[in-house]
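Heads up, the next two complexes both have chain A, just with different partners, chain B and then chain C.
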Partner chain A sequence: MRSRLAGTLVPAVGVILVLAMPFMTTDRYLFKVLTFVGLNLIVVAGLALLFGYAGQISLGHAAFFGIGAYTAGYLTGEAAVPWLVATLVAALLAALVGFVLSLPMLRLKGHYLAMATLGFSEIMTVLFIEARGITGGNDGLRGIPYPSLGSFKIDTPSGVYLLVWITAIVVLVLAANLVRTRPGRALRALHGAELGAQACGIDTGRLRVQVFALSAGLAGLAGALYASAVGFISPTTFSLEFSVLLVAMVVLGGTGSVTGPVVACVLLTLLPYVDALVPGLPREVVSFLQDWEADIAGIVMILVLLFAPGGVAGLLRRSPRVGEAE
Partner chain B sequence: MTLLAARGLSKRFGGLVAVDDVSFDVYEGTIKALIGPNGAGKSTLFNLLTGFDRPDVGEVLFADTSIVGLQPHRVVRAGMARTFQNTQMFGEMTVTENVLVGMHTRLRTGFAAGALRLPPTRAVERDAIARANHLLRLVGADAFGDAPGADVPHGVRRLVEIARALASAPKLLLLDEPAAGLNNTETVALAASLRRIQADGTTILIVEHDMGLVMEISDEIIVLDRGRKIAEGSPRLIQKDAAVIEAYLGEVIVDA
Partner chain C sequence: MKTRRRVVAAALVAMLMVTTVAGCSSKGSSGSATGEGSAEPYRIGAIVSLSGSYAGLGTPEQKAIEMEMKRINDAGGINGRQVEVIFEDDATDPAKAQAAVARLLEQENVIAVIGATGTSQTMALRDDIDRAGVPQVSMAGGSVITAEFDKNVFQTPWPNRIVVPFTLKALKDRGLVNVAVISDTGGYGKDGHDLILKDADTAGVKIVADETFNPGDTDMTAQLTKIKAASPDVVLMWNAGKEAAIVAKNIKQLGMSVPLVGSPGNGRREFIEGAGDAAEGFRFAAGKILVPEAYGEGTPAFEVAQKFIADYSFAYGVAPDIFAGHAFDAFLVVTDALKRVEGEATPASLRDAIEATDGLVGVGGTFAYSPEDHNGLTEEELVFYRVDGATWVLDK
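Coming up: the complex of A and B.
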């Protein structure tokens, strides 16, 4: 009972807080940082379905993010396509690339899948640099227009923040719904026991392709929003490092959960900006955190895998279950 | 009327002939048992029938349609559902959710409808949960509905797998050693459940080592030994069959 109440109350308070933020502060920097959190949340929602539910790893999601960003950047900047159309095309293109990529990968699992998606990521990084006509090469794309619907332009940091976060909230709600119904159960079944899933009439190959395309599409959507939110993109953003960070968020958050990865995503995205967000923090602590950011993330991940394999979600889940047993 | 017909099925694993030219019929509305010593090829035969393995030669007709070469999920859609000797539960899902997965082919909610979860979808879910609970009661596993699959005793897992297989509303139910891990009382309860399932119009093909159960519930028995069919007929006939007694060294059958 209590956990069900918390299950609706906590997200509701979170949503209200998110939407009230523009009334509480005008700090442009804060909005920028929070926009990044929202963008990562969109990718993490897809990765939580792919990795946390269906059990498939991808080290290529930064590349899908990049495909979305370059597509939207090129279409709105160079080809003057309306923002909404460009954003949808960008997400669909990323989903399509994910779909095509997942077909030959159907036979692969575990490490092999990780290697294949890593290879894809590296190829895309080269492509982002070499396809100068579209991507602007190493210089990237500049002057990408702000999001706009007709004549209504979203060109303030708080406006962009709201756009990204409302999108993120919608995506998260849809993902949370999905895992509670037939397709979500099929994903979890696929992860749990593949033979059992097939014996239940699940077309496991088709499902794998579907969830991979869906999560690639969400990464593409986030990339498209990123391009118009920041106005400038360059190939270094869409690196393997970003892919690993995204996977780390889902691992830390815990498999089989949407809430856990959300919490982990917020924490890990904010970590590099800790100096600006926590004003009183001593200088040494800040520089330590920033210098060792990647190492801290790595060590925390190893500790989580060793001592709390359920991640954040496992820790959240543990307390009510003990209470029930008593 | 013949619901399932196996015709000349053979399967080799390297030098070993696991299933050797096996033919038989399963008639609609009956319970047929498939027995034989360890390693006789019973589970392999199940895999050939359900698309989890492909026969080297032979034909499988289900309701007069060939199903050899179909992938397992297509076989389920055609109306055959199975359980496994090594249970294939979804350990991180509750028992009820396990059964709900079994309804995959019956429910239609796709990615879009699932993500929106509008009132019609919720109504479908509620009905599905009610049906899952009904099936769990039918097999006697309803006490475990909210338990994670991984936390359930082995015997109960087999019962849950039966409920899960029934959830697809199959015409033919294939059970691979459902009584393994059950005590006497539970086995008696299982026999009653199987009779009820049969009475509801489901045909059953069952692999089982518990001869008491086999003799009690089956209309017909087929005996495999080293991949070959050595006998087929009513329980009464099989109990007297010299070849069967020899295959079992006499003991098990006499016990029954």
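Coming up: the complex of A and C.
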């Protein structure tokens, strides 16, 4: 009983805190940093389903993020398509690419699947650089307009922050509920034992395609929001480095949970921006964290795999549940 | 079970903190320095490429600015206030440059931004600079920076629209009329490439081949083989990154005897070191700082350059290159304007003061900005160089 109460109370307090933020501070930089956290949360929600429940590793989600960003950036900036339409098209296109990509990958598992997504990510990086007519090549796309609905324009850091975080909360609630539904239980079964899941009458192939497309679509949605929030995109943002960071968040977060990856995502995203949260922090500390961001993430990941394979989720869990391999 | 988890969690946190604290003293690419001063210092942001393809440009830029900042602060600062420059490394990446400017503008509240090192990186800052209304002085040479006019953006190097016609004329004068172009697809290379194609007819040269490569590429043999087949009189290379040395080496490896001519972006020591033998005979146009006699002895520009070269050589044990000069000029433009601002300096009043710069003698030339022209240099400032014995000499 107590744990159920805590289970609803903690997220509720979190949501209220998030929404009350614009009334508590006017620090533009803080909003910008928190916007990045919200964007990563949207991607991580999809990856948590893919990795934590379906047990599939993707090293290509930065590419889906990029597809969303370039689609939205090109449509709103160059083609003057309304923002909402462009954002939806961007998310759908990323999901479609994810769907098509996952069809041949159905036969792949484990390392082989990871290699295939890695290959896809590299192909997309080249495409982002070479498709200059759309992406602007190495110089990137400039002047992407702020989000707007009709004549209402969201052009303040706090407005963009709210837009991103409301989207992230909706996505997270849906993801958390999805795992309690029939497809969600099927996902867990898939993670536990694919043969067993098949024996229970689950169409595992179809399920894997669906969850891959869903996570790709969420990455595309986050990319589209990123493009309009930042106003400038260029290929290096969508490189393998970002994909690996996303996987680190999910691994650090732990499997079979949405809360764990959320906590890990917030921590890892804030790492290079601690100066936004801790005023008066010496600049040397900040620049050290920025320089060593990848190293710290890597060390933490190794330590987690060695000592706490359950990740944040494992540490949060009060007692080991049945069905969780520890 | 539970206790073990707690211990592990505590160990994780402890480890993270230890690595963080231990590293603080050992590594840190960006930093700042201030002297004593009662009033709040003037805070200026600087975005330079300290890693990536333009690291060889950004590093001397940072050194030149740090040296001048120290000199001014030791002499009592400006208007009795110290000057504090906050450096950010953009890693030659437009996306990182954009993230850096957001930090400088919104977290550090700088009144001016110097940078960036490269053209793409400079352009990536524009949206944020415009929204904040803070003046920006770029050290990159793409024409687009001031041709796509922005009231907040100024530029210290000679832009491609001046250098390209000057270079093409120099080729024509030397009888090198069949020109093969190889350029990178980054901002500066593309900017120069487009101008070369546009100005070729006027200059009386013929473009016989036109090849490109991406920043970060490690082999240009394929493009150069095509160029070789076109049998040009000269290969004209337009880029500023470290890939220039690879082009020079590939030309030598392919046994091509055709001369190689480049852009001011190649006037860097790393190019000579990287290309070795292949750099000999390489020619390019740039300002006069590499061979100061070109200023004409006794002229005000010669005096400024001589002092800068002496200070820089004394501080760092090596003579400054053109990029150190661009940074010296950018810092000079900002500090000179700060002296002229009446009342409290704000980004807006500083911008107006920078635009009113007139007859300011720097290393790259004499700067005179106006509401229509935020570069203000002419081809009078340029000379043609040749690499001879691993150093630069004038190519008459």
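Everything below uses one rule, namely that the second predicted complex is superposed on the first by the 308 of 326 C-alpha atoms of A that agree within 3 Å, B and C clash if a C-alpha of one lies under 4 Å from a C-alpha of the other, contacts with A are read in each partner's own complex, and residues count from 1 in each chain.
Note that contacts are C-beta pairs under 8 Å (C-beta built on N, C-alpha and C of every residue); 3 or more make two chains touch, one makes a residue touch a chain.
None of the values given here were measured: they were computed from a predicted structure.
For the combined arrangement obtained by superposing on chain A, do chain B and chain C clash, or do they fit?
In the superposition, chain B and chain C stay clear of each other.
In the overlaid three-chain picture, which partner chain does A:Ala308 touch, first (chain B) or second (chain C), both, or neither?
The answer is second: A:Ala308 touches chain C but not chain B.
Quick check on the superposed pair: does A:Arg28 touch chain B, chain C, both, or neither? Answer first, second, both or neither.
second
If you stack the two complexes on chain A, which partner ends up touching A:Gln210: first (chain B), second (chain C), both, or neither?
first
When the two structures are overlaid on chain A, which partner does A:Ala199 contact: first (chain B), second (chain C), both, or neither?
So A:Ala199 only meets chain B here.
Is chain A touched at more residues by chain B or by chain C?
C
Classify the contacts of A:Trp292 with the two partner chains as first (chain B alone), second (chain C alone), both, or neither.
Once the two structures are laid over each other on A, A:Trp292 reaches chain C alone.
Once the two structures are placed together by chain A, how many degrees is the angle at chain A between chain B and chain C, based on Cα centres and rounded to a multiple of 10?
Result: 150 degrees at the vertex chain A.
Quote the smallest CA-to-CA distance from chain B to chain C in the superposed model, rounded to whole Å.
Here the least C-alpha separation of chain B and chain C stands at 16 Å.
Using the superposition on A, tell me which residues of chain A are in contact with chain B and, in the other complex, with chain C.
none
Which bits of chain B are touching chain A when the two form their complex?
50, 52, 71-73, 76-77, 81-84, 88-93, 97, 100-105, 107-111, 113-117, 121, 125, 149, 161, 164-165, 167-168
Please output the residues of chain C touching chain A within their complex, sorted ascending.
Counting only chain C, the residues touching chain A are 1, 5, 8-9, 11-12, 15-16, 19-20, 23-25, 27-32, 86, 93-96, 98, 102-103, 106-107, 120, 123-124, 126-128, 185-187, 190, 214-215.
Show which residues of chain A lie in contact with chain C when the two form their complex.
Per the stated touch rule, the residues are 27-29, 32, 129, 132, 137-140, 142-143, 157, 230-234, 236-237, 275-276, 282-285, 287-289, 291-292, 296, 299-300, 303-304, 307-308, 314-315, 320.
Can you name the residues of chain A that touch chain B in the complex?
By the definition above, chain A touches chain B via 174-175, 177-178, 180-186, 188-189, 191-193, 195-204, 210, 214, 256.
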